[in-house]
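Every chain is named by a letter (A, B, C and D) in the order it is written, and numbering of its residues begins at 1.
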Amino acid sequence: MTTVGFIGLGQMGAAMAANLIKGGNQLKVFDINKDAVDNLAAQGAIACSSAAEAVSDVGFVITMLPNGALVRDVLLGGGGVAAAMPKDALVIDMSTIHPLETDALIKDLAVQDIEMMEAPVGRTSDHAVAGTLLILAGGTKDQIARAQPLFDLMGSETVDAGGPGKGIRVKIINNYMSIALNALSAEAITLSEKIGLEFDTAMSVMSGTPAGKGHFTTTWPNKVLAGDLSPAFMIDLAHKDLGIALDLANQVGVPMPMGAASRELYNISRVSGRGRQDWTAVLEQVRDLSGLETKA
Amino acid sequence: MTTVGFIGLGQMGAAMAANLIKGGNQLKVFDINKDAVDNLAAQGAIACSSAAEAVSDVGFVITMLPNGALVRDVLLGGGGVAAAMPKDALVIDMSTIHPLETDALIKDLAVQDIEMMEAPVGRTSDHAVAGTLLILAGGTKDQIARAQPLFDLMGSETVDAGGPGKGIRVKIINNYMSIALNALSAEAITLSEKIGLEFDTAMSVMSGTPAGKGHFTTTWPNKVLAGDLSPAFMIDLAHKDLGIALDLANQVGVPMPMGAASRELYNISRVSGRGRQDWTAVLEQVRDLSGLETKA
Amino acid sequence: MTTVGFIGLGQMGAAMAANLIKGGNQLKVFDINKDAVDNLAAQGAIACSSAAEAVSDVGFVITMLPNGALVRDVLLGGGGVAAAMPKDALVIDMSTIHPLETDALIKDLAVQDIEMMEAPVGRTSDHAVAGTLLILAGGTKDQIARAQPLFDLMGSETVDAGGPGKGIRVKIINNYMSIALNALSAEAITLSEKIGLEFDTAMSVMSGTPAGKGHFTTTWPNKVLAGDLSPAFMIDLAHKDLGIALDLANQVGVPMPMGAASRELYNISRVSGRGRQDWTAVLEQVRDLSGLETKA
Amino acid sequence: MTTVGFIGLGQMGAAMAANLIKGGNQLKVFDINKDAVDNLAAQGAIACSSAAEAVSDVGFVITMLPNGALVRDVLLGGGGVAAAMPKDALVIDMSTIHPLETDALIKDLAVQDIEMMEAPVGRTSDHAVAGTLLILAGGTKDQIARAQPLFDLMGSETVDAGGPGKGIRVKIINNYMSIALNALSAEAITLSEKIGLEFDTAMSVMSGTPAGKGHFTTTWPNKVLAGDLSPAFMIDLAHKDLGIALDLANQVGVPMPMGAASRELYNISRVSGRGRQDWTAVLEQVRDLSGLETKA
């Protein structure tokens, strides 16, 4: 039986802790919300009245908190975890925080001879309850192996993101993409509605094209990712079609700030001489604007 | 045997005309590029030296041209097609042009007792060659039925978009979404590269989430589309994560104008009292900004 | 006495025509709004029932219409002005239309041996009434000299914009800058209000800095315009301060899409190695993105 | 003679400290850059080897540091200033940091019975040398009065921003506006250049309109600020002109992301029923998006 100090019992954390208990681990739990602590105690956890208390004599310290400042405060500040926990326990931060904060925490804990890895999670609170989260593990191979039995109770899939700090990085990238895409989808569907298309028609068409399936597995692999920028669909035409869509949106009254921003990226691509390249060359253009070496 | 006047023999048009010939139709073709005309003639088409010549005694007039001004000029301006074609032939514009130009063309041809429908195409030039395009048909049921044998030679799938002008509308929506998404994907992957993630790691994570699969068939159906805005993932948290990603991008030097624009949409959503609603409520927010009636 | 055919009697046009009458000219006026025509007739104009009628036997044809399509239609389309007017009369388009439409009109009228210049106006309807508009003249020196007596009745200042098509170009640039600046000002003042500043405090501070006075005559002349990019205020610091403002705006709930877009321009500037250059180097950055040759 | 502990001797700080010395004050200075300390010592300051040393027995502690984390660390963290300084000395933070950090510092120092005010500065390093900075004072009337003799040595003008935390707020607003405006100006002038206008022509026109003079003292006072939204220039027309400018920019290849963002604000304004209101109503629109009560 492993003893785990678990700090942060929100909607996600409470469900994750419960699954660790069900899996046969001894949980010592703390949250500033006393009700949440009592709730877990009713499921078999040891209720603690401070973070420091929750980490005495444990093999793992798990934090699941709303932001990086809180994680830092719990571990290295007023929470006193670093001082109170066994030096050979492994800290696993499962919160979604700023990657540079993760890096700093790993470094600052190392000074105190404490190992930390991060393992933010994907999917929803329903998955947390079901123990089927996606675990995005950032750590050494040894750390991940050590934490794996716990991950297997909270999630159904663990991704080794490639090293310390990489777990939170892939989480942030994934969230960036899905959150921004959500807003972009809203722009497209609202325009669709306002120009009189049936939702099902728009859906069924887009579900069969990169509009619905994304580009990562459709247009990109054989073109920009393969170094082939010969046009299947030219940047110039993509730019023209964006112009039509934005003109239409401005005539019928649908604000599309993301589309407007994207048009300027295609504008830049054309100025850079990519007008007759394949539209996937916009990746090379953004890479170029980011100072990365690009294909002509 | 049907006789078709085909005007516009670019990369797409030439392949589409060739498939109509292969299917046993008589093609009369015109393009300002004489080589393109000769090429089709070598495949059995009747080469014409003007658009007007190409539409005499035909059952269908198909236009596949770069922009709406050209389509108008060919049909109603200097091209003289409307005057030269049989009144009972059906005009099918397969170009991608501004939907309001399509509407105007349909109306202006009707004044001359000529019927026009539109049928822009999806997919790539490879599909045009293979005769497996996606046909986005905008017209009456009768018009679509009449054109169907031709569509079946050029494409493998015909979508009835819901009436005249709806074919070009769904095309523009689909292109808007896929073109803007292409640029957004470039932002995400460039940031991913610049913070040291392996492309395959980012890909494999995103291919299993809405980041890669889109929202139309994942997060939306049971939430915003079902009128349920209780949070699986809160707007407030989505806004927070966007802030982290943008801060990171600005620290490491990846311009993400689309992400920046999307953050302000979430900002507006929060001001509007949606902070604790599900992130799919961003659709309701954009609908609200567009003057559509929304759920609270 | 000069005879002027004046087409387009909206809020601006009516006032301008009235001032031409007061100045002793014979006006022949037309508008699709019959009331507007009657109104001018009551002031001494000859009411005409068509544009063509209004331009017979005139020395000048002035158009003041809402958009370029209308100007074209009046001059070269159904309006029949080009056919009906004397070949030696000068067409002066004073509308605000797309510069490329202006170019095309000048060219197409030249084919019919008709000279056209453009002279869009600045300032407001009050200035139109007072005869104190700003005339942005685009034409040859001869054309401007010929029209000058008319301009002097409608405006208090004429700018020779540098040749045909330049008048409408400087108008569009000026409007772009003032319209976008209006929205940016709204972002800044709304944030100011939301964080509890008195409007007068914000105003009085900004009225003494480039925030209120603009950059053209303050920061730019001795730095970027003089080729000196040594930092009075570094791009890196400007980028940092924008980040603070946007973070604050996102915390207190003020959407600032323009600020968000500008931050990405500074982001690009830093990636391009301009972080320690003067902030006015952002001009060089935008010039670079536009394919213009820039200073290192 | 007043004794001042001055921490942070960068380009700005060094010049400001020098002026305090010239004014007859005793300066105790510290910076992590030893050369900067020596430099001030050569001008009469007492060189200190730590921040804590620099604040012993002083009447004022001035911080002029690159960011808020450093200010916090100097005052309340490793720098040890709060512990080492006399309780009755006044802390004046003159750095440009996040206003919420300023608020937190004031509060956290108050717990230790230490008063802090902020006084970020405007203008350039040349003004710092000349002692003609703009002092944006945030503090109680008493605090500002107490610090005024020092401010008078460093600056030529002190603005009482309205209370604690208001000085840094007005600084951030001013910087936001001037920094974003700088980028917007770059968009306008680059388009101007690319469409062939002489810089002087564009300049001279804009210097006489809100494009160059700003809106705060021109279009706003008699319209939106006076509650009058009757149109001198309609939102609908402003939106139209922005569309022309952006179309032109996309045709000739000038990326204008800020203009593109602003167009969507006008788009939203029109959807909200403001199309025929004065263009200054965009302020009301942004206020509305920010949850502030607006005029109809």
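The working rule: a residue touches a chain if its C-beta (ideal position, glycine included) is under 8 Å from a C-beta of that chain, and two chains touch if they have at least 3 such contacts.
Computed from a predicted structure; not experimentally measured.
Taking the mean of C-alpha positions as each chain's centre, the chain lying farthest from the centre of chain C is A. With A-C and A-D as the two chain pairs, more C-beta contacts join A-D.
Computed from the mean C-alpha positions, the centre of chain A lies at a distance of 46 Å from the centre of chain C. Chain A and chain D have Cα centroids separated by 34 Å. Under the contact definition stated at the top, the residues of chain B that touch 2 or more other chains are 247, 253-257, 260-261, 264, 268, 271, 289-291.
By the touch criterion stated above, chain B contacts chain D in their complex at residues 257, 261, 268, 271-272, 289-291.
Within the complex, the chain C residues that touch chain B are 239, 243, 247, 249-250, 253-257, 260-261, 263-264, 267-268, 270-271. Against chain C, the residues of chain D that register as touching in their complex are 67, 96-100, 122-126, 134, 136, 157, 159, 161-162, 166, 169-170, 172-199, 201-217, 219-220, 225, 232-233, 237-238, 240-242, 244-245, 247-248, 251, 253-262, 264-266, 279-280, 282-283, 285-287, 289-292.
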